[in-house]
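The two complexes that follow have chain A in common; it is paired with chain B in the first and with chain C in the second.
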Partner chain A sequence: MSDNGTHFNETFFEGQEKPEIKVVSVYTPLVYVSILVISLMIFASKYRRSQVKKLAELPSIFDEHEARDLYFAIAELAETEQLHPKVVKAALLNRGAEAVRRTIKLREVAVQIEILYKNGSVDDKYWQRYQNEMKLVDLELKSCIEEAERLQPDWPQAFVNLCREICFNQALQRRYDSILDRKNIFQKLYQLKLDDNGKLIQ
Partner chain B sequence: MGQSTGATPPVPITAKNKTMIQYDSNNKQLSIDNDSNTDRLTNLNQINKLTTALVPETNPNFQPQPNNETTNMVKNMFQSGMQQAQNKNIPDALRKVDLAVDMRNKARKPWEPFSFQLQELHMMLRNRTDLELVSQRNLDAWQDLEMLLNCGMVVPEVFIRLTDCLLKLNLVELARPYCERGLSLDPKNGPLLALFQACEKKMLEIEGDL
Partner chain C sequence: MPQNYDYDEASTTWPFFVLTVLFVAVTPVTLIELYRLIVGDSSDKSSSSEWSQLHEKYTSEEVRKYRLANKKKRSKKGIYFITVGWVLISMLIYHIRSNDAIYQIAAAAFDPYELLGVTLSSTDKEIKSAYRKLSVKFHPDKLSKDLNEIERTAMEEQFVMINKAYKALTDEITKENYRKYGHPDGPQSTSHGIALPKFLVEGGTSPFVVFAYFILLAFVLPMVVSKWWSTSQEYTKHGIHSETASHFVDKMFNFKPSYVVVPDLIIKWISEAKEFQLKFPELSSVDIANIIHSHVNREKTENEYARNYVLTKSSLLFHQLIEIASTFRNTEVALMALDTYKTVVQATPLSPHSQIFQLPNVDKEHFLDSTTDDICALGKLFTYPDDKIGKMLGIKDETALNETLKVASRIPKLKLVKGSFKVRGSSLNTAEPGSTPHIQVKVLVRSPRHKLFPNSLIPAEKIAGDDPLLLEQDPFEKLLEQPLLPETFAPLLPTKRRTCWYALVVSQKDGKIIQTPSLAQRLSLENLDVNFDKRVIKDLDKEFNAEDWTIGTFSIPFAQPAPKEEGTYFFRVVIKSPDYFGSDLDFTVPLTVKNTPIETDPKKEILEELDSDDSGNEGEENTGYSSEDFDESDGDDLEEDSDFTDIDTDTEDEHEATEETTEKSSKTD
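Let's look at the complex of A and B:
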């Protein structure tokens, strides 16, 4: 009598119960993965939205953006009233010059702010505000260039150069215009008595 | 980092106050009623100035280039003032240089090259300051010299004039730091050393030590 060398006539597996195999649809892993992906996407979108909301709540480093507000107000006025087309162009150039000014101001202080942040003299919130502002000024300049292209298709190349010159010249003019104000302030502050020709009365 | 620090808190332009912007079709200028926001008014003035410069511009692809006509006009007026100064007619010379500076402010387009405009203004302000010092208009000279310093003209000559006019205005405590600043640029500058001694003497007089 032949056996398998174990003095038993059955194999090792024949004595055990067969495991129950549950039939699972081929779509089950797909549904599982899709639920996982969708929930991750919802979480990511909610997280991103809350981050954007937090960033939007951070106060700007600059004052109000009057140049941009005025441009939109004038563009809206142009829809209802007959404005000279160059008024809108002038407002856009002024907005572009302000965007250039803000870009220059932020780049001027970039090294100092980075050093202050690394030393711990500036908190994370301020650093985030600064980073935020950098992105916003870039977007603002891009938006101005797009508007310039919309107003005059071949203008963007010259537009940026014009804005840069206008920005510097406006700064120079503002400084020159403040001479008279400063003169009056110092005259009061130091109680200087001047005659009609501007000479000091001793 | 804002342009101005007006006392009035800024009120953003909303749909309600957008109507406040008024347009004059005759002179193509914009204005805002009942608004005391300095920043907004400054921007509106800048837009009006740009409009005034843009309207006569016929080339749609204009570039930042100096206007030769304006340059000649300003130069002629300035040279006429300098001629008056050579003839020792200082009040007339000052009036003409003042006119040349005003002419530059009004006639120059905002997009003309900044480096050119700065150089032109430097040259005229330097001469105007000398004329003001000669005619003893020391307060005017002081403000023009501050303007020159703000525009990056940090040279001992400016500090000599600043110290001199501040001493003449009896503002020794202000004159001394300017004199020291000038000496830090050129420690062996004769006029500055003399002015420093004058400052020291006046300080001792004020403190009652002399």
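Let's look at the complex of A and C:
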């Protein structure tokens, strides 16, 4: 510490060398800490950005998003050309219906995906994709509602209900349409013979 | 390096270390290989059975080669390892034996028994007398004077040692010392050394050793760990590539109920697996799908070299697809995947005549042209006399026909005897709310050649099967008493496979699968050997002998506890074979949830249960089954929406009737 102290030591332990004292500036620890903290912060931000990028690169678990693409194509067209406002609204309703379908679908399979993830049938990546989709679908629905409000200020309340109804109607329509396909395909596959009324001939 | 470490300069220690490590590695592998050799012999024995010979006969040369190569590849690795291991071990042992330094060290060790020339079992008296004799011989005073200095000192040392040895065996303290420290004088100085020869650590080679350590710790170890980690990430727990798994899950996730599932779609999904892309980067998924299609249609493909691998791998992929589809509760996909699996195993496309076309030697065109009556089922085929079957199938050669009939008659058909929910430890047919029941299915395995007989002919105790005293036994452990199923007759498949059945449980409420399929690999097929030919048996009641028949059991775990509320719940159980066409079972089982009344004397209950079994059986029959014979109802399965129990039973009665009439008409022919 002080000069005295060292002298004092020296007299007692003659054989020992005089401890070397280095003068360290007060800023040294501060610089050290700040370098440490800054480097960690840079690393953290880089890491987070790369993680976000990775997440963004993960493909959606839904096959396509035609309704959304269609809406944006029409909205773009509406800016340049004169379109009937109902066309844009119809496209938005279609997009909203798809968003509702996705919300329902994701909620429906939540248990199954969890089972698959827990018993090791799918990897972490898929689980991450599923989590992403859960967040995205909420945003999508929200953005639909905002669009609806932009198009017509007092619409959103009715809009959501309407979307739901459209969604159910579309589901029923799909099932109804597939009945004939199903009949034709299985008739061919199993070489079934049907009479004029469509009844099976044994 | 501290100076006080000794190196293993005379190579006295490291050979033992290496020897131990080698033994640890080589011995288990050797045992496994020996076991394989023995078990392999026994499997060869089974392959000498008529069935396997038949299988072998129809296997193409190419497939046989592939199977053999695969088998060899697996066993050869182990044999190489063992050979190298044992050669190293013997070299080491030789090295140890020829190393004098080791003997010197061993000789320097103090062994009082050897010094005195007595054995471990010698008594005190013997020790004493041996000591006396030796001490007289070596006593310094008694030594002859002619000995020179060196011999004299050696003798004197020997005398001291003998004294010590004697003390070690008689004196309490020295004995204790010897016992504790291995030396009569108490603890000896211990030396810590490095089991490496000196030249490796000091001198010119030391940089190499350091370098080797560096490589090992800095590169090899992290690489091994990271490789292990990435492969464990790359493949799912069930052995398929995780991208393939994600692909299947994606397909199931995006599956809309309006899609129609056909075998082509399933094959398309399978062919898009990552495994194939990795193995054959030059082939597109369409090429892979073509390979599978050409196998199913028994045609040649342009990419013949990939065929064996694709088919071998597809089995696992099918299994996973079925599992994932079941987890997604999709009955349609799961059932169609099973059907497609079947078409690949039997190399027979899905058609109303699949059951016939899965047999060997069948001329498809001829069969379709020649028959006027529509024969779809093996059971119906066997209503005709042998020569007529030959004519219909277009088989002229007599041995070929016999073999075809042999295969046909050994395709197991299941006949439902009783299907019910059981709770372990309870003899009742009802489950308490919240209890964990399982589904017990009693089946009769029969050959398509056998004459049908009603369940009422089977004695009730055979159906009940389980001894009331054994109710506590684990139902799944009990299944292990049944023998493993034999090899499947699938000569065109590059791998040999064991027959099995998938059991799917579907809730009747919404027509969706409620749990992952359970696999049954054990069932006795001895019924197939019973001689009960349709065409021979005239009087069913007289010629039926209940003793001949065994009843098999499937126990299907039920993944959820019984519902909380009382009532009857219906479940459709589909037992489907991925191996043969026409071996499936599809029926409805009711689960009655009921609070049990106040407990009565358990003995009395069992007795009552036994009494009521006969009468209870008829009641059981209406609920507990649907299709008696699955010959022609494959079509019904696929339409999936048949979740009305009553409809099932209706159609099934018709089946019985139609088959009965066809049988009669054939007889009148």
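By definition in this document, the second predicted complex is superposed on the first by the 146 of 202 C-alpha atoms of A that agree within 3 Å, B and C clash if a C-alpha of one lies under 4 Å from a C-alpha of the other, contacts with A are read in each partner's own complex, and residues count from 1 in each chain.
Here is the rule we use: a residue touches a chain if its C-beta (ideal position, glycine included) is under 8 Å from a C-beta of that chain, and two chains touch if they have at least 3 such contacts.
Computed from a prediction, not measured in an experiment: that's the story for all the values here.
Pick one for A:V160: touches chain B only (first), chain C only (second), both, or neither.
A:V160 sits against neither chain B nor chain C.
Given the touch rule stated above, what does A:Y126 touch, chain B (first), chain C (second), both, or neither?
In the superposition, A:Y126 touches chain C alone.
A:Q170 contacts which: chain B (first), chain C (second), both, neither?
A:Q170: touches chain B, not chain C.
Quick one: classify A:L192 as touching chain B (first), chain C (second), both or neither.
both
When the two structures are overlaid on chain A, which partner does A:L58 contact: first (chain B), second (chain C), both, or neither?
In the superposition, A:L58 contacts neither chain B nor chain C.
Using the superposition on chain A described above, determine whether A:Q152 touches chain B (first), chain C (second), both, or neither.
In the superposition, A:Q152 contacts chain B only.
A:L70 contacts which: chain B (first), chain C (second), both, neither?
First partner only.
Applying the touch criterion given at the start, work out whether A:N94 contacts chain B, chain C, both or neither, answering first, second, both or neither.
Touch status of A:N94: first partner only.
In the overlay, answer first, second, both or neither for which of chain B and chain C A:H84 touches.
first
Residues of chain A that sit at the chain B interface in one complex and at the chain C interface in the other, please.
Touching chain B and chain C on chain A: residues 61-63, 105, 174-175, 182, 186, 190, 192.
Residue numbers of chain C touching chain A in their complex, please.
Going through chain C, the ones touching chain A are 233, 236-238, 242, 245-246, 249-250, 253-254, 256-260, 262, 320, 323-324, 327-329, 350-352, 634-635, 638-639, 658.
Using the touch definition up top, name the residues of chain A that touch chain C in the complex.
Listed in rising order, the residues of chain A that touch chain C are 61-63, 105, 109, 112-113, 115-116, 119-126, 129, 171, 174-175, 177-178, 181-182, 185-186, 189-192, 202.
Where on chain B does chain A make contact in their complex?
Going through chain B, the ones touching chain A are 1-3, 10, 12-13, 18, 21, 23, 25, 28, 30, 37, 39-40, 42-44, 46-48, 50-51, 54-55, 57, 60-64, 105, 108, 110-114, 117-118, 121, 132, 135-140, 142-144, 146-147, 150-151, 168-171.
Quick check: in the complex, which residue numbers of chain A touch chain B?
Per the stated touch rule, the residues are 61-64, 66-67, 69-70, 72-74, 76-77, 81-84, 86-87, 89-91, 93-94, 97-98, 102, 105, 152, 154-155, 158, 161-162, 165-166, 168-170, 172-176, 179, 182-183, 186-187, 190, 192, 194, 197-200.
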